[in-house]
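One chain, chain A, appears in both complexes that follow, with chain B as partner in the first and chain C in the second.
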Partner chain A sequence: MNKSESPIISVKGVTKRFGSFTALQDISLDIRPGEIFALLGPSGCGKSTLLRIIAGLETATEGSVAIDGQDMTGIPANKRPVNMVFQSYAVFPHMSVADNVAYGLKLERRPAAEIREKVAEALAQVHLSDFAHRKPDQLSGGQRQRVALARALVKRPKVLLLDEPLSALDAKLRDAMRLELVKLQESVGVSFVIVTHDQSEALAMADRIAVLKDGVLRQLDSPAALYKRPVDRFVADFIGSINMFAVSGQRAEGGQARLETAELGAIAVPSDHLPAAGQGALTLAVRPERVKVGAEAPKEAQGEGGLVSVVGRLGDVAFQGNSSIVEVLLEGGGSLSALVSEAEADHLMQAESGSPITAWWALDDMLILPENATAA
Partner chain B sequence: MESYRKNFRAFLAFFTPPFVWLVLFFFVPLGIIWLYSFGETEGLTKIRLTWTLENYKRLLEPEIISLFWRSVWLSVISTAVCIVVSYPIAMVIATAKPKWKPWLLLVIILPFWTNLLIRTYALLNILGTRGRLNDLLHWLWSAGDRALSLIGLGDYHLLGERFMPVKFLGEPVGVMIGLVYVYLPFAVLPIYASLERLDRSYLEASLDLGASQWRTFRQILLPLSSGGINTATVITFIPMLGSFLIPDLLGRGQVDMIANVIERQFKSGNDWPFGSALSLFLLYITFILLALQSFHAMRQRKREEARG
Partner chain C sequence: MAREKREPAGPFDYSRKLSLRLVFFLGSIFLYAPIVVLVIFSFNNSRRGGNVIWKGFTTKYYEKAFHNDALMEAFINSLAIAFISTLIAVILGALTAVVLWRFRFPLKPVFEGMVSLPIVIPEICMGVSLAVFFSSFGLYVPRDMPFPLNLTNIIIAHITFSFPFAAMVIRTRLNSFNREMEEAAKDLGATEFQVFRDILLPHMKPGLVAGALLAFTLSLDDFVITFFTSGPNTVTFPIKVYSMVRFSVTPEINAASTILILITLLVTFLAMRFQSFEEPRQ
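Presenting the complex of A and B:
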């Protein structure tokens, strides 16, 4: 993807208030042509509101949205070059599948032959050619979603907006549909903006993810960057699983900072490892797959930063097939989990629960996170 | 609901009173009326059951046909006006903020709690030639006349030389105003219920696909609320067709509907058998309409269930 390309959607300083409640606060982001962009966050974070503002179904209290360089302020939903797949799909129950797909085209006053051709093409694209004359009540949830997709895509939108597209499907279908949506996006080439509360969905599908919390954009990054370099405690906790230790005290000591935690004791880190921005208490965090366990931590330091090690007792071992999650009960209270290979797990299983065990990880693998990186 | 089988005595205790009531005061009188309709009057007070079809043949007399016809078209027009007026009202209530809804519904239901007779007399006061409505029209006429004088057209008397009060009472229009007024809540409530249930994203999807507000209304909102409109039509049309008090008071004997004629057969006309035949004919019409409605509703429900 060419980063210098001008954005297809540009959201600038959008704030939305419902009475005294602020649903979105000063959101600015760009969506690039041809990417899958996810708006991710817990329910009530404002992600659907942002999508509806882009679609024109809701008006921003402040700020503006531009689509393909054109300011959309004051332009109603029916005049915007974007289309939406609704969470409930909103497939018109009194029209056949073909009529649903043709609905938007008939409004453009295209010739009947052209409409028929385009409808057939769109239905083929979502594998519903045989269902053209069915009524929506004769379709499954997944099929109805395809109708909604075809109905929106047949309008050749500049961006397709999808509001929780997979949440109404059962688990098995959801996984299949993830792949199918990505393939569909590749074949039609328009940008998809997907609203989701499911981080694994966003990680699997999106090129870039915007993480929202309480109407504030916390981080916008690629899935890998979000996972490896979350900017704050909330993002780290929301994306994947992670061990976290609250820092209770902090002291500068030469070029180093000594961070006090209840579970790990005091840990010295280079001062330049500390987060530059943000507010609130610091948190130390390490992903389970970075944690190693054994009888004793290796003596020689790995990498430049050295090791962090902590002694505890062996807790539960949860078998996960090719790997296992090992729980280490810490002496300072609390616990941490480590992801270990099958072979290591076998070895650990022989040890008795409660026997002493050491967990360690490279200092470089440990994240030092502020409570909130965006707040002033 | 299956548990009544386990406790048959309790079931009997609850079931018997309404059953007896229904048989005694509904089915038995209805049966008597049915028998009367095949009878002949004898003298002043006697009715002899002769199984004659004469009473039903009289239904085909021109006056009776025109009476039925008048009842039907008065009811059809009043129902149509009711639906057209109710739809926007129902829409306003359905889209109002949740805290306002109960109050708006209350305003619609409130007239129900006032006696029909009192409401109809109130309408007499409003619709009379010297009533409030004509007062308002008179005022508008004066204002219009004065405005015309001001721009120099006063001499032409474009609005007439004098104000002529509009005659509502004793005219079909007066009866229709009464019918619409009285049965409006019956129409608002089912339409409101169907709009309230409607998923708003259908409308948003229509707008999103490029449809105008008007087109969305016509092609999405109207068909999707057709269930409510059907119910509203049936439950306003049927009582309108059989209404008695409104044409009696507002029609002043000039705009009779079926029920007025039925009443007359049983009272001043003293022709109970013919009155019975008229009543049953009205009942049959009602049954047919209800059957059509429930057939339609059944189809609708089936569709909704499958959609579920």
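Presenting the complex of A and C:
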């Protein structure tokens, strides 16, 4: 039996309403054993609510959650085989670090020797062995988080749920903790479900990401797929940075569609490039690293799709170390940014701000996105 | 011989200003001088307690106070009332505080107001109403009830006025409780009762201690309400002292009062030690 075939958590049609407010709208997703799964979205998108429904701290208005094949409807939080790391860590202040970690095992009435052994093991796992007898108020934020991690992991949960695990840490510690969490997940092997509003965090850590907006699941994919093939304007905008041009008019012409934009003028694209599903106005989008800049676009179209080129004036050049972001002010109003190499940036710095410049990109690199891919 | 220049006083350096030091000094004298005098004159070898002339050191009035059976009985009555009423007031107060903090229910603001009403009602009104209540409902405890059941009326009265204080102190403490702590405990497998015992109760502990301390001292020195609810055979320390003063002020009263002060200080000290032991600060 291949374990990765059957999901460890299966969320089916979960809807959550608070009075007239719908926090989650018909969410269905599967979490595979041993993966890091991120619930990503802006604040208020319902991602934490979904996590709390999985944990049993909140009940779904409709739909069901199954953990390891067992339906969890009606099973309270204290009887579910998942454990959670809270945003505030919620470390018990009146207990020592070791007692915090032991608490869950004591509730299970395990023998004292076994508890001691497991607590020592868990503390070693999070590098807190020397702090076992400290009280939480003698620990730093990062250490307190590791207490919360050890306390949850010592219960050997089938899935570890983490609510904004890095948001309370300072920037430097956050980067270190990202790596540490990934390593920890690899060593314990259980699935992690991480709620975060920080796309870079999700991209760096997760095997798969579910992007939520206003309680609706917009896209569920691997980080690379989300970045390269976002299904709609919101996902494209939320993940990484991207240049976007609103399409104001659209006309079919044989096998092609002519898309009107204020900034780029009319652009002809093959009809099969248009999104199949979704509603709302279309948006043309291109990642800054796909945009080339120079005095003139190459004459011959490379690849099959051809090129899109636009003339503008040179704006600011923002130095970023090994690369720079070049701002191109467009004739039709607005601007776009291009990511250029260090050498190119040096060259561009010579030119005067406001001098004419051309930006171009391959038609195949341009995304044509609906406003919302999920709405009917 | 240039002396190093004194630094100017900082914004919170109040103790550096002579005028403020003087105010502090006068305030302290106003508050504590009578108590100090009371304690000193409990050792005065004079027949009259009100005598302000020092006639030599003696501890005979302490002996006398200890051998004054009526005074000792009143003293023990007061302590028993204070202990029992504090215990019940803190339990009731804690339950009330948890209900007010945790749940939403119809007429909650009314209930909340009613709980704190005894704090603002004049003591004399409470005394009269309790006295009328006990007599009209025939609730006066028979005189031959064994100790401490003979004190039931007074204990009930003391619980009535001290429990709102305990409830408010505990309620305030609960405000600082992080609800995620409760959820974390549940997530780790705790039942509602285990959450209460292992997480909420330890958090409430400083509030419980402070509430108990407040209730204890309120009960120990209450005069007005006790006066209305005590029978001729159930005399408390403040009432006994009052009746003794009406005959004559003797150093015996000073001695008994000094012991009372000592007990109060001891209880306060123990409570503070207990709290600092519970929550080591760094």
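Operating definition for what follows: the second predicted complex is superposed on the first by the 372 of 376 C-alpha atoms of A that agree within 3 Å, B and C clash if a C-alpha of one lies under 4 Å from a C-alpha of the other, contacts with A are read in each partner's own complex, and residues count from 1 in each chain.
Quick note on the criterion: a residue touches a chain if its C-beta (ideal position, glycine included) is under 8 Å from a C-beta of that chain, and two chains touch if they have at least 3 such contacts.
The shown structure was predicted, so the numbers you read here are calculated from the model rather than taken from an experiment.
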| item | value |
| --- | --- |
| Side-by-side fit of chain B and chain C on chain A, or clash | clash |
| First (chain B), second (chain C), both or neither touched by A:Ile239 | neither |
| Touching partner for A:Asp137 - first (chain B), second (chain C), both, neither | both |
| Partner chain in contact with A:Asn78 - chain B first, chain C second, else both or neither | both |
| Partner chain in contact with A:Met177 - chain B first, chain C second, else both or neither | neither |
| First, second, both or neither for A:Gln87, with chain B first and chain C second | both |
| When the two complexes are fitted on chain A, the stretch of chain B hitting chain C, from 6-14, 96-104 or 150-158 | 96-104 |
| Doubly contacted chain A residues - partners chain C and chain B | 55-57, 76-79, 83-84, 86-88, 90, 92-94, 103-104, 107-108, 135, 137-138, 148, 151-152, 155 |
| List of chain A residues in touch with chain B within their complex | 55-57, 76-79, 83-84, 86-88, 90, 92-94, 103-104, 107-108, 135-138, 148, 151-152, 155 |
| Complex contacts: residues of chain C adjacent to chain A | 178, 180-181, 183-191, 194, 198-199, 202-203, 278-282 |
| List of chain B residues in touch with chain A within their complex | 199, 201-202, 204-212, 215, 219-220, 223-224, 303-304, 306-307 |
| In the complex with chain C, residue positions of chain A that touch it | 55-57, 76-79, 83-84, 86-88, 90, 92-94, 103-104, 107-108, 135, 137-138, 148, 151-152, 155 |
